[in-house]
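Two complexes follow with subunit A in common, the first pairing it with subunit B and the second with subunit C.
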Partner chain A sequence: MKKKHLLDREEILAPLLLIPTGLYIVLFVGFPFVMSFVYSISNVTVGNPHFKIIGLQNFADLIRNPTFRTSLFNTFFFTIVSVGLVLVLAHILAELLMRDFHGKWLVRFLVLMPWTAPIALGAIGYLWFLDSVFSPVDWLFRAMGLLGKPGDLFGPASNLYWLGRPDLAMASVIFVQVWRLVPLGAVILIAGMNAIPKEIHEAAQIDGAGYFRRLFHITLPLLFPVIGVTVLFATFFTFTDMTVVWVLTRGGPPPNTTQVLASLSFLQGIEGGDLAQGAAIAIFFFPVMAALAIFVLKLAKKAVVL
Partner chain B sequence: MAFVELKDLTKHFGQVKAVDGVNLEISAGEFLVLLGPSGSGKTTLMRLCAGLEQPTAGHLIINGQVVNDIPPREREIAMVFQSYALYPHKTVFKNIAFPLTVEKLAKKEIKKKVEWSADLLGIGHLLDRRPAQISGGEKQRVAIARALVRTPKVLLLDEPLSNLDAQVRHTARVELKKFQQEIGVTTIYVTHDQAEAMGLGDRIAVMKSGKIRQIGTPDDIYHHPVDIFVAGFIGIPPMNFVEQNGVIVGFRPEVFHPADPAHAENRISFRFRILRVENLGSNKLAYGTIGDANVIANLSVRMSIEEGKEYDFSVRKADVRYYDKEKGARIDSVRS
Partner chain C sequence: MLKKIYHRAGFYGGLVFFVIFAAGPFYIMLITMFKRSHDLFNPNNNPFFFTEPPTLAHLKLLFDQTLFTTFLMNTLLVGLAVVAITVLFAVPAAFSLARMADRWGDTVGIGIFLTYLVPPTLLFIPLSRIVSILNLQNSLWSLVLVYPTFTIPFCTWLLMTFFKSIPKDIEEQALIDGCSRLGAFFRVLLPLAVPGIISVVVFAFTLVANDYIYALAFIQDSAKKTIGIGLTTELVRGDVFYWGSLMAGALLASIPVALVYTVFLDRIISGLGMGGIGK
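Presenting the complex of A and B:
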């Protein structure tokens, strides 16, 4: 009998195929993860790789640091508002894209663009949109007579200085983040909505339920697991995101109006060279993310899947 | 209870005429079966009644009121779907209660009605379960209970038994008729299964290509089919057709017997060449030919006939129906 080829032997093939994934997880996820824990309880800096363990000193410093407290608040504010808006807008978009109309594929494709385009590129586009002098949004407002003369709705100044004023800067950052995540949310929701049989909606219609009763008693409960997944993704992508903030405002306007944990961690750890502090800031993500993941997965399990 | 009238009701999907000018009157408390092959428009006709589709032309009238523009939720109708369409996240109790909560009835009243409806269908012990935890037959009962709970004007049933296995289907059919008679609700029932249609319907409307070909009692449809389509569609096995003297002669397999020379008057006889005999236990089916027409005879098991032989068979003239060769319509007076 011919000897079995090496690749026919499962006890060898299986581990062989697992090696790349295992290596990836260990080298690029596990190792940095462990290192950030180690760094966070050390006094390591970029200039001095010989570090010693100093316990929880970094965390104690952080909690006393007003910049950190502002960033922590901003991160939660940025995340909660963005995710809330993403959910509502993605649902509306999903409802619209479920209807039949001409050129639907083209619209679907265009709607997905913000998600598929590199976020840095999109954010740079918005940097021009929201520029303090050349903002086309401001041109429009001026042309419409809403801006630039005394008594105009948006004030007499010639520009709105989107990224220079605290309230507008935060709103701009949230807007761009929402713009980027709505397509993802819509696609997830469309998949979930398509999974609900048409007859169930029709049965509810015949049973006498109007639009809102169907929405709250039938559609949303059945979509619950899918909404959970959308919240999970949107939160992960927002809570840990620094691209939009970094490209648009670098955490400004000064001192730290739009500073979030991710940008502060980068600022301290990489730009400022204080790796230990940067790592300690990043560690703050961990309990929130872990709790969120457990919470959403539990909810999804509890809900009845069709 | 309500009476329903359909006047020139028409529904086109693009070029397809799914329902093509249907006129129908259904009296209060009647059990009407829409019977037809798939694609005959019977389900579309029912969805028009439910308001899930808008008619292209014509009128739908319930209790003398044109309801074309009234949305489904205000028509006070109930529908049982082929897939049951239970709400998977709600318990059986909440499923049945849903139409009542919409009407904002008091909790006590809802409980009373749900229990009435559940007891009627013998599912009182399942009220705390979820649809995923009950069998197909039980789901079907829940769907019917949900439909009956608010005593609708019209009950629509879209092939409600087709997802059940054969044994359950039989008892479900008998019970369905019992509930309907107890409540006396006007019922429209869609099916492609003629046994269901014959057993359940006060009247049957046979549909083809969006049109009603014949409407009448099961007896009428079976014994006096108006054209070749209805004659061939109803009956298992279907009616035999033999061409003779320029007309189509039709007769049912069960009236086609070996000729008895002693009683030859008022009978038409044929030479029947038997190709195959199937013994079904309670009866025997003999497949064969008369000339080039394929013919089936439904015989007693005691009868001894052999495959490959030719016999003299005959039919009473009273049991024969004549049809036009070109148009397929029934001819009532034929001398022969």
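Presenting the complex of A and C:
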């Protein structure tokens, strides 16, 4: 038998094939990841790249800063409300899409579009949708007699100024985020529901369990891991994202009504050039990221089939 | 009988609700891009349909007087480069993890997947320093360098699950027939994994088209902008919005991305969990 070629030995070939990916991840994810912690305890700015470590000063400044506290609160509020709504709506959509009907491919394409089209472009549509003068939503309300005349349900003004009023601006940002994530949630839930054997449902139905009983005692418990995955992705894409906020409101209307951690970090770190302060803000993502990571590891241990 | 009708009505009612909810904004984009400005900028006119005859003026403006086609080209170029890098890096890594690393493969695989959970909003500040040290500001190369931070981890994971779903016997047969380890990979495993690799290509491209924050942080030059930041920063000048053209650009760029993504979405989602961690 001839001697094995060097590249046929798994203990050499396996690491060799991993090197490019491993090296790239260490250099461009691992290293910047560590640097963001270093930056957060330094005084680095764009103009002063030779920085000193100044300890926890940045964090002390942040906690005292009302803009930061508002952003922190907004981020949690934005995430919790969005993820909750996404779960409920995605579950309904998933149930609908599980059935067969004529023209399903077209309905599927249209219903998935908020997720499959780039979000910055979708958000541009909402800029017009929620415009202060020409908003089609406002037009519809006026046509329905809900807006524009004294005594109307939504007030006598001709427009609602969606992105200009604090309460409505927050509601708008949440709405667009939910709009974007419902299709993703539905697709993940469908994959999970398809993995549940049909016999369980049929058996329960024969035993006389009604819809809600089946929902709460069979479907939901079995779906629990999949719901977890949905929450994971929805949280990840909401908690750390700034696209919707940036395109729609830039954190406004003043003062910082819809400012979130990601957009504030961008404002300080890139637009303001204060890298240290920006990095310190972004560090607040870390606890939530760590929680998500632990969750992934738990799922991995349970050997969940999505 | 009556109950059945109620069920039916509920079902189709639900579908109609979700279609309007999801596609409504895109429908508005479609109408707006063909509306005459005179029609568009009258708040009393029906925004859901034409009051005056449609026009191609906004499209003409978009293609003739804005950098729209440049933005599209930039996105396409960066996308192709990133896809190529992603495939070149992720395919060997996924092969290694799926086939040769029994004991530590899953651990390393999950480790690579976890790096996907490090959000761009945490990395963009240190990466902006790296980009400026390498003198790549305002260059599409900055994006080519940085986008694999989110495409490689996810695509390695996806490919790993695809490789694992291919039975080992096929490859072992090739090894017995005298193929080398790499020979068996290229001649047997790779052809079988083509559908998986195509999904990864599509997915990596949609991830690139979806990025907003890195492009916003690294690119200021109008002619170097990608589609997302190009439309939101160049077609909105102060208070002047080129609404018709803006909607046209957003819709035209959305449709192709959405189409290919929809076709591959199921495979991507099922590849996410199947085989990878669950066995």
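The rule is simple: the second predicted complex is superposed on the first by the 278 of 306 C-alpha atoms of A that agree within 3 Å, B and C clash if a C-alpha of one lies under 4 Å from a C-alpha of the other, contacts with A are read in each partner's own complex, and residues count from 1 in each chain.
By our rule, a residue touches a chain if its C-beta (ideal position, glycine included) is under 8 Å from a C-beta of that chain, and two chains touch if they have at least 3 such contacts.
If you're wondering where the values come from, they're calculated on a predicted model, not measured in any experiment.
In the model built by aligning both structures on subunit A, subunit B fits alongside subunit C without clashing.
Look at A:114: by the touch rule set out above, it reaches subunit C but stays clear of subunit B. With both structures placed on the common chain, the touch criterion links A:205 to subunit B but leaves subunit C unconnected. Taking Cα centres throughout, subunit A sits at the apex of an angle toward subunit B and subunit C that amounts to 80 degrees, reported as a multiple of 10. Of the two partner chains, subunit B is the only one that A:213 touches; subunit C does not reach it.
More residues of subunit A lie in touch with C than with the remaining chain of the pair subunit B and subunit C.
When both complexes are overlaid on chain A, the residue A:296 reaches subunit C alone and has no touch with subunit B. Of the two partner chains placed around the shared chain by superposition, subunit C is the only one that A:14 touches, whereas subunit B remains out of contact.
Within the superposed three-chain model, A:80 lies out of touch with both subunit B and subunit C [touch as defined at top]. In the superposition on chain A, no contact is made by A:144 with either subunit B or subunit C. Touch criterion met: A:197 reaches subunit B, while subunit C stays clear of it.
Think of it this way: put the two complexes on top of each other by chain A, and the tightest Cα contact between subunit B and subunit C is 9 Å. Across the superposed pair, subunit B and subunit C both touch subunit A at residues 303-304, 306.
Looking at the complex, you find that subunit A touches subunit C at residues 5, 7-8, 10, 13-18, 20-22, 24-25, 28-33, 35-36, 39, 49, 92-93, 96, 99, 101, 107-114, 116-129, 133-136, 139-140, 158, 179, 182-183, 187-188, 191, 229, 236, 240-243, 246-247, 261-262, 265-266, 269-270, 275, 278-279, 282-283, 285-286, 289, 292-293, 296-297, 299-300, 303-306. By the touch criterion stated above, subunit C contacts subunit A in their complex at residues 11, 14-15, 18-19, 21-23, 25-26, 28-29, 32, 40-41, 43, 46-48, 88-90, 92-93, 95-97, 100-101, 106, 108, 110, 112-115, 117-130, 145-146, 148-149, 152-153, 156, 180-182, 206, 209-210, 212-213, 216-217, 227-229, 231-232, 241, 243, 246-247, 249-251, 253-255, 257-259, 261-262, 265-266, 269-270, 272-274, 277-279. For subunit B in complex with subunit A, the residues that touch the partner chain are 50-52, 71-75, 77-79, 81-83, 85-89, 98-99, 102-103, 130, 132, 146, 150.
Of all residues in subunit A, only 197, 199-200, 202-210, 213, 217-218, 221-222, 224, 303-304, 306 touch subunit B in the complex they form.
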